[in-house]
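Dumping the structure here so I can ask a few things about it.
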Amino acid sequence: MSGSTYGTIFRITTWGESHGAGVGVVVDGCPAGLSLTEADIQVFLDRRKPGTSRYSTPRKEGDQVEILSGVFEGKTTGTPISLLVRNTSQRSADYSEIASYYRPGHADMTYDMKYGFRDYRGGGRSSGRETIGRVAAGAIAVKILNSLGIQLFTYTRSIGPVKIHPERFQIEETSLNPLCMPDAAAAQEASEYLDGLMKEGDSAGGVIECIIRGMKPGVGDPAFEKLNANLGKAILSIGAVKGFEIGDGFAVARARGSQNNDPYAYTSDGTLEKLANHSGGILGGISDGSDIIFRAAIKPTPSISMEQDTVNKSGENIRVRIKGRHDPIIVPRAVVVVEAMAAITLLDMLFASIPSRMDNLIRFFNK
Amino acid sequence: MSGSTYGTIFRITTWGESHGAGVGVVVDGCPAGLSLTEADIQVFLDRRKPGTSRYSTPRKEGDQVEILSGVFEGKTTGTPISLLVRNTSQRSADYSEIASYYRPGHADMTYDMKYGFRDYRGGGRSSGRETIGRVAAGAIAVKILNSLGIQLFTYTRSIGPVKIHPERFQIEETSLNPLCMPDAAAAQEASEYLDGLMKEGDSAGGVIECIIRGMKPGVGDPAFEKLNANLGKAILSIGAVKGFEIGDGFAVARARGSQNNDPYAYTSDGTLEKLANHSGGILGGISDGSDIIFRAAIKPTPSISMEQDTVNKSGENIRVRIKGRHDPIIVPRAVVVVEAMAAITLLDMLFASIPSRMDNLIRFFNK
Amino acid sequence: MSGSTYGTIFRITTWGESHGAGVGVVVDGCPAGLSLTEADIQVFLDRRKPGTSRYSTPRKEGDQVEILSGVFEGKTTGTPISLLVRNTSQRSADYSEIASYYRPGHADMTYDMKYGFRDYRGGGRSSGRETIGRVAAGAIAVKILNSLGIQLFTYTRSIGPVKIHPERFQIEETSLNPLCMPDAAAAQEASEYLDGLMKEGDSAGGVIECIIRGMKPGVGDPAFEKLNANLGKAILSIGAVKGFEIGDGFAVARARGSQNNDPYAYTSDGTLEKLANHSGGILGGISDGSDIIFRAAIKPTPSISMEQDTVNKSGENIRVRIKGRHDPIIVPRAVVVVEAMAAITLLDMLFASIPSRMDNLIRFFNK
Amino acid sequence: MSGSTYGTIFRITTWGESHGAGVGVVVDGCPAGLSLTEADIQVFLDRRKPGTSRYSTPRKEGDQVEILSGVFEGKTTGTPISLLVRNTSQRSADYSEIASYYRPGHADMTYDMKYGFRDYRGGGRSSGRETIGRVAAGAIAVKILNSLGIQLFTYTRSIGPVKIHPERFQIEETSLNPLCMPDAAAAQEASEYLDGLMKEGDSAGGVIECIIRGMKPGVGDPAFEKLNANLGKAILSIGAVKGFEIGDGFAVARARGSQNNDPYAYTSDGTLEKLANHSGGILGGISDGSDIIFRAAIKPTPSISMEQDTVNKSGENIRVRIKGRHDPIIVPRAVVVVEAMAAITLLDMLFASIPSRMDNLIRFFNK
């Protein structure tokens, strides 16, 4: 099936493997008249670029984006924006051994089962490079959302056992440490934890959190197209994500109704507000205008240099060590991927929400 | 936007409010030649029917399904199956007061924001009755999956602080207690916990777990249409679900790669198997043939008789008690809804996976 | 596959056979706040109702519509509108013989090939009654379009060899004769032509034309979602339609560029206008604000009482006469079906066109 | 809206303008294991390449395709195939004048109305170069169809007043003359007709016909996804197409039922066959296994060097001659575009038809 297109009105189509000619995305449904340059997109790609710290792979991936279409004299034309990132740092030889066995925790076996064979070089389409197209498209979505007054803040909430502490939370800190934690002390602690794992050849997981501020109310639909359902799909479609929760998430299972309900009150100037936000900004699948808050659980990097049990294609049970340098943690580089997918989803649903009321339609068309 | 249709090939469209003429679903894309009677569907509807225990509302909802189309001489014809359940036990008067204020934890406010007004009777489209169509369609999906050798087991994993215990796990027990727990002792304990909450006029949340056995490998797509992403959307589209996790879920955030990777081995008869299933039966978004396992976090019933802060439409901050009898817990009645949405999703993606290989296609068409 | 849902934002799902419990449609994505009663829809259903003249079957089809959901206190709520028309005048016995052979010009054979068997009573899903859901949904679409200043005029342009004459064209005449021709003399002539055919037990085809006035410019997309492409699909999805053309249609094949291009000019008050409309109101797939004009070719009723060659299921070549009274012409009753499908398509694309410009979006959301 | 993606299971996304960096397509949902090289695609691109005769523009468009992803060791991997054709022969200066006025018959005005401005160089996205992506994707679809025993024959049926003659019909002739007519004499006559028009600075239209042989029966759906409806949309989405008809098409409007119905008979070896094919291989929206035949009406090239009335952006009524050399006829180069869109549609619907019967599904999955 066609699984590489996402979105209904603002719609992206990604393509590319880690070892082909390149990776890219076609962004369709972008409104005309948005100022857009390659630099706007490059900023986002640089946030996921490897080789920027000792916790990310030293492979040099230039990841320079080229706009192939859809922009004329610095503005989007309303037609599809095709973005290309050429693959540069490919050493296919590194992967030749992988062809002969299934790496635990990777999609090697399931690709073979589905397609009959696979492009074994660097994981092919299941490579982390698949996310480059998402991030490039997300840069555009974020730019549009910002122009409508909507901001996204995405960061590492925990790495292994190390969590950020609410009292030390500083959103500006996120971009100052390589782990993208908005808490300098937690980042330092997590860094030491990772150093220990690296010595053992092991890897760590973590949790990413995203806060959306300034969201318009009334976005999302009552039944299958709930805003939280679409955010969930978007985030769970990122490789390595094993869990998604919104608002209080799994904690609601142990809460009582009297704790979990968000009371309403009018402020002194007559504004309606919620006195709490356990729901994470969404009720009945529809945004309520308060902050949307969600979290994603990211599994540890499956490529580890510790010895593991697996099988080869000659029918033997073998023990392997995955060679090459790999990130001991996926989380920091996934932060911008989570933000990108959230932005694309929000924008698409924002567009879809426009024709929900006759009065708005009449105002729009009979202007 | 049109948010009431779900699925691409096996596609359902639900409609109806708690206090209109009825609720229903159109099931499109059901293969021809499936034996189907109203009794097949009624069994599933009865699993979500209220009034069957002291933990569910005593409103009498008959919920008798009528097949309006798509079945001829006891077999599906391949054309849309329209299913209708008339609303019977409606006392709109009970809800007249609700029109004047916003119930905390409900979608009253967001509906008003989105649509400009709302059908305030019983929550309208955000009512739990919206799930009747899902369950009716799910009954059909389960029947087809069963005929292909795929089974679903869905049950309550926890209620408030009470969890089922692995050593007492008995799947047959699920249908023997009103809380749908596969552990009689836990069901007893949870029952006492709920009795206490009911005295206080409060409510509880919980976790539902689903195991899919006999799943075909190779189902799901590498990028946006990962099987886990679609299961996540399906489950998160059910009202009251605040979190979704697959396999080890949020626990992966604290795990190490060496613990989280599932090793492979050949059995003595040469069958490839995984020695663990931390991934929950899916790798790279594609089923691997082992059990698929996921969990959903369900929030406490928002309708509680304890006093709560809210606002009315006259601009006043008020305190309210939600009148009427309401379930102190949503979880047991949501079990079959989770199963239905999982089955619909699995079937749709199973169909979508067919054209993934040239050899299969040539075999299929040149039979 | 799921072929019973149409549209992306304004989306309809039809269901039902001629001899099941009923037929119906779910209209999803209808904006909230539209005044809507069953009478609004009944007017359209009555336009396709049989038994109103000697050219349509005397079967009494009551075709009374019931609104099952989505309307509260006389206004649409924004949630799905489910419409039901019970089948009443069913005499299945009339069709028992048809089960044994394939009627020429009908879909009997192709249904058997696709599904392995068929509901042979009255053509099942391929019956003209399948269009009831389309017409009911179209009534809603037309009402919304009208409130935005857009009008549709649909009529019979020709029956067999008899065409309406431009100089006698009177749109009001359309509803005054049973053949829906906006030319009283042509209607009289066509009537005599049909009388002759009926005596022979034969049937006639014809052409339906639709003019859309007041269309907003800028609707439709440059590539696959051209407005004309979607209108074409909508109309060609109506049973018995064998051709579709827009503007000058097939006549362009013999025209020269200098004749076919529509010149532009400013009027004395500075308004931009086209001096001709060979293009039928659409250029590059996008509406230009002038009248949209298209035509559909309708084949003769396949059910004729003349003797025909066919085969039975016992492997014999046989000659048959289709029993029962059938319309000698489909065209007049199809006029409202064409209008309905056009309206649904226009509305859906109108909604889809909203987010095409940043300036409009900023104005809409930052109001 | 996102109008650049087409298809549900076999899905293509095209992008690119005549004067950007290039044009291309992402083909998603291509089955794994298909042999595919750039040469397979180049053959199709060369069929639409300009500059091959005096009836097509002498601009040198190299149109060399590059496969960027989805193919590994000569076989498709099942993941998206990204195809890129760089724009080479761009002389933007030629188009600077066009920026100031609206060319009659082009989409200049409608683009401005929809998007607020336009990429005026060479028509931007409304350029004929938009079809390169379609043709490249079509080459893949045709290759798959061929491997399933399905053949497409597409050719010019008429140019202006010159039609091919049934008695001179030779399908092999199609590739031997630059007008793609399967009738050498008609090609000669049409050639003279075009020479005359070129002297006057005018242009001609025509009709393209496509025959699909070996089509599987049972493909297409009863309601909105009729095979003919989807073919119609596919063909009408090609710029310059103003009409579409299947089988006898518009001629059915003047036919009688007794002439239009296709009788059935068993051949001496018991095979069921139709004794005529007025329906064009489709009944009730479903293929019947006989030849599918459809036609498309193509308008004359709108760019003509004769003087035309139009307006400029300074508010003046002006007269213009479109400079540069343009094809006096679109038809021959559109032949392969029609074939490509037909093939993509057929393949997508063929895939969608697979899960229509329980017996087939059980056979497929329980193999």
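All chains are identified by letter, namely A, B, C and D, in their written order; residue positions are counted from 1 within each chain.
Convention: a residue touches a chain if its C-beta (ideal position, glycine included) is under 8 Å from a C-beta of that chain, and two chains touch if they have at least 3 such contacts.
Computed from a predicted structure; not experimentally measured.
Asks: Between A-C, B-D or C-D, which shows the same interface as A-B, counting it as a repeat when over half of the contact pairs match?
Replies: Overlap exceeds half of the contact pairs only for C-D.
Asks: Could you tell me which chain lies farthest from chain B when each chain's centre is the average position of its Cα atoms?
Replies: The chain farthest from chain B, judged by C-alpha centres, is D.
Asks: Express in whole angstrom the distance between the two chain centres, defined as the mean CA positions of chain C and chain D.
Replies: Chain C and chain D have C-alpha centres separated by 26 Å.
Asks: Using mean CA coordinates as chain centres, what's the gap between chain B and chain D in Å?
Replies: So the centroids are 44 Å from each other.
Asks: Find the geometric centre of each of chain A and chain D from their Cα atoms only, then give the gap between the two centres in Å, rounded to an integer.
Replies: Averaging C-alpha atoms per chain gives centres 38 Å apart.
Asks: State, to the nearest whole Å, the distance from the C-alpha centre of chain B to the C-alpha centre of chain C.
Replies: 38
Asks: Identify all positions of chain D at which a residue touches two or more other chains, and write them in rising order.
Replies: Chain D, residues with two or more chain partners: 1-5, 8-10, 14, 29, 32-33, 78-79, 114-116, 125, 222, 352, 355-357, 359.
Asks: Which bits of chain D are touching chain C when the two form their complex?
Replies: 1-6, 8, 14, 102, 104-107, 109-111, 113-116, 125-126, 130, 158, 160-161, 197, 202-207, 217-219, 221-226, 228-230, 232-234, 236-237, 239, 242-266, 270, 272, 275, 279-280, 282-289, 297-304, 306, 308-311, 315-317, 349, 352-353, 355-357, 359
Asks: In their complex, what parts of chain A are in touch with chain C?
Replies: Touch residues, chain A against chain C: 8-10, 29, 31-34, 76, 78-79, 144, 147-149, 216, 222, 350-352, 354-362, 364-366.
Asks: Under the touch definition given earlier, write down the residues of chain A that touch chain D in their complex.
Replies: Listed in rising order, the residues are 1-5, 7-11, 13-17, 20-24, 26, 28-29, 32-33, 66-70, 72, 75, 77-82, 84, 114-119, 121, 124-125.
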